[in-house]
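Structures incoming, each one as structure tokens.
Shared chain: subunit A. Partners: subunit B in the first complex, subunit C in the second.
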Partner chain A sequence: MNKIYQSRRDFLRNLAITGSVATLAASPWLGAFSNTPFKGKGPNDKVRLSVIGTGIRGRQLLRLLFTFASEANVTVSSLCDNFAPHLEEALEICHLNGVKPKTYTDYRDVIEKDKPDAVLIATPLHEHARATIDCFSAGIHVFCEKSMARTLDDTRAMYDAHIASNRILVVGHQRLFNPVYLEGMQRIHNGELGTIGQIRAYWHRNNDWRRPLPNNDMKFERQINWRLYKEYSAGLLTELMSHQIQVANWALQQSPVSVMGTASIRFWRDGREVHDNVALIYSYADGTKCIYDSMISNKKYGLEEQIMGHLGTIEFETNRQYSEKDESIKAPGIQQMISDIENKVFDKLPIGGASWVPEIAVGDQGKKIIENDQFSDTALQLEALVNFIRKGSAPEKLTKEGYNASIWTLLGENAIDTGQELKMPEKYII
Partner chain B sequence: MKDIVIPAARIKKEIAAVLISLIIAFLINVYSIIKYQTSWVELFSQIGYVVFIAIIIYIISVVLRALIYIAKKVFVKKL
Partner chain C sequence: MKSSDINLFHRSIGAMNSQLDIVLWGSQTSNFEAAFQTISEQTTHYEMVLSRYNSQSELYRLNQNAYKQSIEVSNLLWTAINRAATYYENTVEYFDIAQGRLYHKIKQGDEDSEDKIKHGWQLELNSTEKSVRFANPHVLLDFGGMGKGILLEGIDNILEKFQIQNSFISFGGSSVLTRGKHPHGSFWPFSLSGKQSSLKTWELNKHSISVSSTRTNNSRKNKHIVNPLTGKSIEEEITVVVKASNPVDAEVLSTSLLAAPKNMHRIILSNFDINEVDIFENQ
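After this line comes the complex of A and B, so read on.
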């Protein structure tokens, strides 16, 4: 069953009721809906979007777009993909929503013939840069899926083209528009967690990360399973970690100074070139460490970003904040005393030869960061994109977040490949 | 069947031992409330624990007194 998400209007109304508006006021997401003048397109002008790359993610973007398209006066003017089955499926989604976009197999036709206001690029990673730069040259705004590009130079070239063309570049880090993160970040930046010493982030799955090939025809292998080949993707790093290093940088309000890492193909030895098991450590100037790992042969721990300060911890993916003080319901004093006496007696029993007592985790069960978390952050990001297009600009901070996350993701790959601790080369600093 | 006769002095002694055990258990509860900064309602709500601890203390006192009694007997016989 599909989740029923809150509309932007409902969401804003709920924020007003719960009093969270003040804390979110400074967020880029609400900024997109502020009453600043429309310098791009007027509210009555239809915003024309084109989706380049209609694979699973491209079609997901399309579906989310249609959840608010009529309210926001947006249309899908064209679709582009060089893989016919994907293009047909995307076209079907448009038809179901009463829209008949043009279709192309070459993104250059989108630019020259359709001339949309903006494109949503959801192609394989290695194709992002060329399409983005060409769109900027033609004066078209770009929403580009993360990670930005396959190489460091391409990532920098995309950013430079964005600056030179003065066109909007929004990178698909949708957590930047997620109210749980916006509220949580506000609390972190206000010092509620105290001094952040460590961020632990992980993304664990238990599947082969393969997509089925049409008729099992191996000639489509690289086109469909591009994420498994180094020529097109850095695997878990660019497809998953990119999101989480962006969250870490956002929480710490700084970029790392160095990264070291190691990785292997441990379980899925099926001819893939990208690692199925990665571990990295990002170091920040103030001494904070972001410890990252990802694997796809065990999903017990799933996905999380744990921001750990001396006063508390935030776990964003599960929408919870924990205190270092044990705020669970206290047992009666006499029971605590009996328990302490028991502990004192039994703790003295040697375990494994030496006198050793395990550290006990804080018992606080935590609290929700925000109560109502039924929303799609990608839909919120797309709504914000449309408003940025109408206003003619987007906060540069958003683009820089996407850029830095993409650069540090690729530096992580380089650190793994070289076995060295790497710093950011001067030429990539913006 | 022969009646067991408990002298009044013994009954008084045991009642005193039980009362002392209850007072000690009660004071332990007061101490734990202060130490762990919990609610004074526990003076009443934790009465079950207090009675339980009092019984333990009383049993300990019985065992100690029995040991003393046995030791005295042995010591007196030797003399």
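After this line comes the complex of A and C, so read on.
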């Protein structure tokens, strides 16, 4: 497979050249990022992973794993999916990479028969909790895709099982390992943007958010399009917003104190149960607001998290930082005059004209947060995960980020459903 | 001259909806930073008095209230308004700061403003109280054709105080004030930007130059020069360059000569003490 991004090693080597290593190293969970080679090269040190749920995401995780599997001495010991075509496609990817995993249709067989070091869970949302908790009971580490669970109680139960079993729980919020975010967050936390007043975040698409059914057979509808049904998913909130509320909390280094929201099925009235149009406001104790919306009938604005402080703005998805200061743009002619003078040239100064106005507000393209942005954050997260597994632990802060983002995502759903401004119930505070 | 002796100093600040470039050189290097700071502060202060757009400015409040009642104003605003009154006379009414509402409407593309025009000076000035009252509700004071000149005049005083011999101060290329000379010549050789640069080179020492055009150098056709007596914007492409010893004179005149029909130019010019006037058409 062609690498379209850099491995952790390449990335770190390039960072060393551009001089941002110190910043990245200062980030809390980047011990796992440090430039030490993967330890444990012997066959007995091989980390054995199993992928449970080999749909679109599960197979993507597989492909990314194989880009560094031999270097990191990690292998895929088994695959599990209850839908045969998906299991076969995943097996195909493994075969292409010379790996022959066992296959199961029930995740309990993964636990009892394969006994991997860790599982990557990429089943539909409502299936995350029981697989995760059962793995913990069997002493297996878990990487679980976001959002954590379909219900608040399941989310809490997953967290409690992680604590009780002392096994790793990493939630699939890959931006936590994205160098653009790591560098940008460092700047935000160092006060470069000043006092943050608002975060605006949105995710807009223009499609029906459906996947095609095999032979157009409706009996597969709920298996394939589970994200459209309330029983399995909270729709745009758990599938998209979860990432962005995690970013907002991370930027502000706190969780919200309340959320209110409203939503509708405005455009795709095709029998789905989840909203295609949502708007929420998260409030933080210091007065900061995170204003969120998502829709899937217009894609002009795409997706973004805009962190807005009185000194500047960061837009993470596009790797951009803007200053509120009047970044002095040189008037045409003046620059030439300066260099003429420095070069001892005496020539006419073509400066005059009907007032030249620097169009700072419209023309300000900002600057990149980091120059080198050719990487896959999910791959970086998986590489870090392998290091965590070898070590037997992951930073608790990381798990808490995933937990709080998941809880506040579901509280957002409750706020929409009840029409009330909601706080976090005591029993979900960790 | 060796370039190490030049001690070139360059700073820019945003002001009057434009950019102010300050270029200094010469022996008084220890004064450059302090002079720049003073200029910055004064510029901010002047804008807080004269800006029509800033809702915190003195002018903004005057515009809001002076039709209802007579308002006392600061020395700076009082002087500016009185000078504008003199310019109104000297330009035979073609320079009129009281028509801000008309200028604004035309800029918005509303050419149908003829009925709003009130001929004659529309301000009642009480010099013992230094107070101002508008004679009708359509009055809106706009120092757009004069403010940069006032700022440059203030800057000239600061440069004098700090004994800075050589300077080139430019407001977005349209209002320029110079002292002394270019480090490698006996004057500052000023020309127009872009295609017009070959037209002429002005030799500046202790001078001011103001460039006004019926077109802004944004490519969009931009109606911003208005004949206050007819309420119509000027359609022809004309650029006026005025070189004078006083920056306010230069600025007022470059605007007035655009607004006034050609047959009025001679009479307007006779009321000013200026060095050079150039009018370029259809460039």
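Here, the second predicted complex is superposed on the first by the 379 of 430 C-alpha atoms of A that agree within 3 Å, B and C clash if a C-alpha of one lies under 4 Å from a C-alpha of the other, contacts with A are read in each partner's own complex, and residues count from 1 in each chain.
FYI, a residue touches a chain if its C-beta (ideal position, glycine included) is under 8 Å from a C-beta of that chain, and two chains touch if they have at least 3 such contacts.
Since the model is a prediction, treat every value here as computed from it, not as a measurement.
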Comparison of subunit B and subunit C by subunit A residues contacted: C
Partner chain(s) touched by A:Gly287 [first = subunit B, second = subunit C, both, neither]: neither
First, second, both or neither for A:Pro212, with subunit B first and subunit C second: neither
Touched partner set for A:Gly419, first subunit B, second subunit C, both or neither: neither
Partner chain in contact with A:Ile334 - subunit B first, subunit C second, else both or neither: both
First (subunit B), second (subunit C), both or neither touched by A:Glu342: second
Shared contact residues on subunit A - subunit B and subunit C: 330, 332-334, 337-338
Complex interface listing, subunit A residues touching subunit B: 330, 332-338
Partner subunit A, residues of subunit B touching it in the complex: 28-29, 31-38, 42, 45-46, 49-50, 53
Contact set on subunit C toward subunit A in their complex: 1, 3, 6, 8, 10-14, 17-19, 21, 23, 25, 168, 170-176, 182-185, 188-194, 196-197, 201, 209, 211-213, 215-218, 239, 241
Subunit C contact footprint on subunit A (complex, rising order): 326, 328-334, 337-338, 340-342, 344-358, 360
